[in-house]
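One chain, subunit A, links the two complexes that follow: it is found with subunit B in the first and with subunit C in the second.
This part shows the complex of A and B:
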């Protein structure tokens, strides 16, 4: 087996003038050294993953004429060991002509900005927008109109395991096997086949248990490089991404700025929302990964859980000289949630209403579901006001407010604050003209020895899919979870499904597995009834056995499996009208998603709409700027809960990631496009010492649109915390009247913010 | 993230160490490896030979001789933090080392390694500067003793030659009625400090300050000791005196922007932490002097 290493661009934007690989090729132990030009004999450009009226650049797995971001792979090496491969990188000479770089979103969109793709004429990858209702009239007549600019910085999932790939091209059979750390083996197979113009059925992708994904592993980007090297050498080639490589080029996310205008009536009723979001997808938001689509999702969901009379939204998605942008726990739902939930608190302040009361006045009511939001989606179910009420109890909101009044009297330097926000988490997305277009499939099979095998296109990425699906199948088929095995992660073993993204597990995946299990159960009951010459009605499966009504005659699943497959075999016991008693396959599509525009031009992308509220209590040290998180409380409504431990695990994990985004995590690019934090001593995650125990409570509003009333819930917890943290810090620093304008809230940024307050300067200013 | 190939030699005695250092041009001593090994993986450091001194028992001692605490350069943070001798005689050092990294790092990393590496915000160097420690540097030719402030040259550079080894830290045990404090702001527990401050304040029986020592990390290329005696000596230490001392510090430092924080914020933090540390050290001294 050979080991791959990649020479990466030190420049954010540069023309490649020459590459000299002679010394590297001559090094003993080196088997291949390929530049982007060399690679063109094996592959074509990276195919787009999404194209909704977008500009699609011609870019390759290795840079050709230009490099577009710091860290872009330029030369690939395969050698006998990773050590030798990295030695060989030091022998490669690349001559670059540096070009002006642009990293800031609005700078990239400004006239005269350096252009990444000069033939585009600008840096706009896509634009999209819609308007519904009498926008101008509502704003002209509103008692209050609020304007906000709300940006968010770039951070991402940064999973425990970076990317990893082992490519094995067999020159005799001309088949390519790729083991890789991905969330979606089937999508990767398609994208690899497209990249190499290879017959898709001759590509096998195997994804064993992987070390986390969070949305970052939903494309074939650098994974094509070990494939290339295996094709070139005819030998297996392994690449394990280092942490530095992962931070430089693993998919990044967030990075946008909103402009919101909100019209509010005299009595605090939301009337009109006019919103623009400028997104930054780095060098590209479709070929390297499907980052651009999240801004479309953001536009659809910025109205949140509230009622509106008029709505206007638009997005402009910019390319810039930063690493490519992909998905990360939210994919636009986070972008939708953040600005409005910050604005809700600021508007409540301006109106002299509590943020709780302001939300209550504007929530969609529990009796109004299914509710078509003004932007188009149909919200299936929920009780937003109940979530908020439960939250107030869980976090002891009134008690914290009383403590705050005592503590923030100006005698100490630690200021107590509480922030809260509501959350809508559309889950189970279906985006047109995109690899995220969504359906899911499962086969549920009765084995000869009575065990149940589930073949799923879904993928376990640490979120407990195996546990959850075993529970679902055991409940449907009347057996125990121990009787069920889940097979996933091998494109040659499972049907073509799409994998875990958009919190599809409890929408698409659970629904297709449940439906397939139900079909199998019906057929097995028909077989048993035929054997016993009785009516099928009343025959049921429980405790691993089929039983006649009244329970006189029973047959274990093992006995039935034996009879069906072997003794005597199917022809002896299966009635004519049952065509397949062995297994059932179900393709599940959302009954509520629709890409046919309605009379207002609106489409519907999501299947279910979980919701919730959360709160954070902080203490801000006005002298050092340090924020201490004192308490976290979450109330979640994801419909029917299959496994409470898994649901709360999702809430805990996602919330901590959100705390990271609010306080610590940031890809620190300078204006020349140099990324300054490429290791985990400088790209900082929350540690156990940064997060208190998290309290959770639940509201259960079953979805009418999924097989079990469940809703996907893997992202909402990561969506909320950034807005909640901003609200908490602004609440704590109320005596200084400051508004957060930049994230993450490092101690330095907090002090910079406080410096703008005359009162703070008087109390804590410089000693001189 | 793989190092360049290197040879490895393990030595158990100082003579063997000096022989190994003398035999190779580009040799590097490895002890705890907490800074060196990552630097090798990043290929920032590319030694041809790694000389492992973890077997040199002569460098591992923690003993007190009269008014001097002698700590072998190979003593690990954990050894020092857990030592009752250190806790009783130089508690400032224990307080400072509690901020070093995480348990895994403290179990493996050595005080000598930290001092030789000279990350300017490293707690070890700041505490030793405040304590006025001396360093024993050994080679085949013999030993030399260097005051710590002279040992630190600039970031990641110290007064030690390729054929030498840092053998021992000699720390004067503070006089009775000396209080201490260590204050630090880092982004997270265990991270490199943005700014840290070590303070020793001695008082007489009436509570007036008789001696003060103050050192800061993170504000320059090396730990910085600032003489604030003019503001404090001969009087009880109160908030106004501490603020006066902070003004002296403010005038003495010129922190620069770096990857951790901006110079302006570091300057602000230095003022806040100096005041806190001096007041806390004074309070501690009063408690000891009663």
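This part shows the complex of A and C:
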């Protein structure tokens, strides 16, 4: 087996003038040294993963004429060991002509900005907008109009397990086998086949139980490089991403700025929302990864869980000289949630209403579902006011407010604050013209010995898919989870399926598995009824056995499996009207998603709409700027809960990730496009000691549109905390009247913020 | 990134000035310098080999001296690229009599690129300090009349 290493660009934007690989090629132990130009004999440009009216650049797995971001792979090496491969990189001479770089979103969109793709004429990868209702009239007549600029910085799902790929091209069978750490083996198979113009059915992708898939592992980007090296050498080639490579290029996320205008009536009723979001997808959000689409999702969901009379939204998505942008636990729902939930608290303040009461006045009511939001989606079910009420009890909101009044009297330096926000978590996306498509297929199979195999294109990424699907199938087929085995992660073993993203496991995957199990169950009951010459209506399966009503005759699944497959075999015992008693395959898609625009041009991309509320209690030290998280409470409504422990695990993990984004995590690009923090001592994550025990409670509003009433819930917990934290810090620092304008809230930023307060400068004797 | 410091050299201001502006001295005293070629007066191309842990490797670059204010101060511009990134340096070197010795003050703005960026804040300044110290130590030895051996790997 050979090992791959990649020479990466030190420049954020530069023309490649020459590459000399002669010395590297001559090094003993080196088997291949390929530049972007060399590689063109094996592959074409990276195929688009999303193209909804977007500009799609022609880019390759290795840079060709230009480099667009610091860390972009320029030359690939395969050698006998990783050590030799890394040494060979040092023998490669690349001559660059540095070009002006642009990193800031609004600077990239400004006239005269350096252009990444000059033939575009600008840096706009994607542009979209819509308006519904009498927007101008509502704003002209509103008692209050509020304006906000709310930016969020760039961070991502930086997981312990980075990317890894082992590509094996077998020249004899002309088969390409790729083991890799991915969320969607089937999509990777298609993308690899498209990249190399290689027969897709000759590509096999195998992904065992992986970790670190928070949306970051949804593409074939660097993974194509080991494939390239294997095709060139005819030998297996392995690449394991280093931490530095992961931080430089492992699909980044967030990075945008909102401008919100909100019209509110005299009595605190939301009337109009006029919102613009400028997104930054780094060098690309279409081919390297599908980051550009998240801003369209954000546009559709910025109205949140509230009612509006008029709505206008637009987005411009910029390319810049930063790493490519993909998905990360939110994919636009986070972008939608953050600005509005911060604005809700600030508006409540300005109106002299509590943030709780302001939300209550504007929530969609529990009796109004299914509710078509002004932006188009159909919200399936929910009880937003109940989530908020339960949250107030869970976090003892009134108690915290009383303690706050005592503690923040100006005598101490630690200021207590509580922030809360509501959340809408559209889950189970069905997006046209991209890899985030709209169906899932599962097969449930009865084996001769009575065990059940479930074949799914879904992928276990540590989210408990194997556990929940075993539970679902065991419940449907009346057996135990131990009788069920979930097969996933091998494209040659499972139906073509999409994998876990958009929290679609509990919508698409659970639904198709449940429906397939139901079909299999009906067929098995028909077979038993036929054997017993009785009516099928009285037959059921429980405790691993099929039983006649009244319990006279029973047949274990093992006995039935044996009869069907072996003694005597299907021919003798299956009634004519049962076409396949061995297995059932179900294709499931959402009944409420729709790509046919309605009369206002709106489409509906999500199949369920989980919701929730959460609160954080903080103490902010006005002397040091340190924020201490004292309490966290979450109330989640994901419909029917399959496994409470897994649901709470998702809530805990996601929430801590969100706190990381609010307080610590940030890609530090300077204005030249140089990334300064490429290790985990400078890209900081929250530690277990940074968060208190998290309290959870639930509201259960079953979805009428999924097989079991379940809804997805993998992202909501990660999308709430940034808004909640900003609200908590602004609440704590109320005596200083400051508004957070930059994230993450490091102690330095908190002090810089406090420095803008005359009162703080007076108290701490600091100059203006 | 700012990189500033001061060194004391045992020699008159004039002697130190001549030494620091002499390409042969620069070639002999720059840690790890493998070759220095004169492109034009005050304009050189260098190849240096650094042997310090994570930044070890061969660096190619150019250096230019200029903007002289009498025999007191001059400007230095340098840029280079090596296995883990790029670096450019721009700043001034100022000399001041200090009894029989001479104080050399330097103040540079350093820009790094590539993988070097990630370590710049923590590791690069100490390394730059070490290499600068090594440089002036060599100059000092030369001024004292020693003949220097060919440059070794910088930092070793």
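Rule of thumb we're sticking to: the second predicted complex is superposed on the first by the 764 of 768 C-alpha atoms of A that agree within 3 Å, B and C clash if a C-alpha of one lies under 4 Å from a C-alpha of the other, contacts with A are read in each partner's own complex, and residues count from 1 in each chain.
Methods note: a residue touches a chain if its C-beta (ideal position, glycine included) is under 8 Å from a C-beta of that chain, and two chains touch if they have at least 3 such contacts.
None of the values given here were measured: they were computed from a predicted structure.
*Asks:* Looking at the overlay, what does A:751 touch: subunit B (first), subunit C (second), both, or neither?
*Replies:* In the superposition, A:751 contacts subunit B only.
*Asks:* With the two structures laid over each other on chain A, which partner does A:10 touch: subunit B (first), subunit C (second), both, or neither?
*Replies:* The second partner, subunit C, only.
*Asks:* State whether subunit B or subunit C is in contact with more residues of subunit A in the superposed arrangement.
*Replies:* Subunit A has more residues touched by B than by the other partner.
*Asks:* With the two complexes superposed on chain A, say which partner A:623 touches: subunit B (first), subunit C (second), both, or neither.
*Replies:* In the superposition, A:623 contacts subunit B only.
*Asks:* Taking the superposition as given, does A:244 touch the first partner, subunit B, the second, subunit C, both, or neither?
*Replies:* A:244 contacts both subunit B and subunit C.
*Asks:* Once the structures are superposed on A, label A:160 by its partner contacts, choosing first (subunit B), second (subunit C), both or neither.
*Replies:* After superposition on chain A, A:160 lies in contact with neither partner.
*Asks:* In the superposed arrangement, which partner chain does A:664 touch: subunit B (first), subunit C (second), both, or neither?
*Replies:* In the superposed model, A:664 contacts subunit B only, not subunit C.
*Asks:* State whether A:677 touches subunit B only (first), subunit C only (second), both chains, or neither.
*Replies:* both
*Asks:* Of the two partner chains, subunit B (first) and subunit C (second), which one does A:687 touch, if any: first, second, both, or neither?
*Replies:* first
*Asks:* Please report the subunit A residues shared by its interface with subunit B and its interface with subunit C.
*Replies:* Residues 90, 244, 676-677, 679, 681-682, which sit in both footprints.
*Asks:* Which part of subunit B faces subunit A closely enough to touch in the complex?
*Replies:* Residues of subunit B touching subunit A: 1-5, 38, 42-43, 185, 187-192, 194, 243, 246-247, 250-251, 259-262, 265, 267-269, 271-273, 275.
*Asks:* For a test of understanding, state which residues of subunit A touch subunit C in their complex under the given definition.
*Replies:* Listed in rising order, the residues of subunit A that touch subunit C are 8-11, 70, 89-90, 244, 247, 672, 674-679, 681-682.
*Asks:* Would you pull the subunit A residues touching subunit B in the complex into a rising list?
*Replies:* Residue positions touching the partner: 82-83, 86-87, 90, 242-245, 623-626, 664, 668, 676-677, 679, 681-682, 684, 686-687, 689-690, 746-748, 751-752, 766-768.
*Asks:* In their complex, what parts of subunit C are in touch with subunit A?
*Replies:* So the residues of subunit C touching subunit A come out as 57-58, 81, 83, 85-86, 111-118, 120-122.
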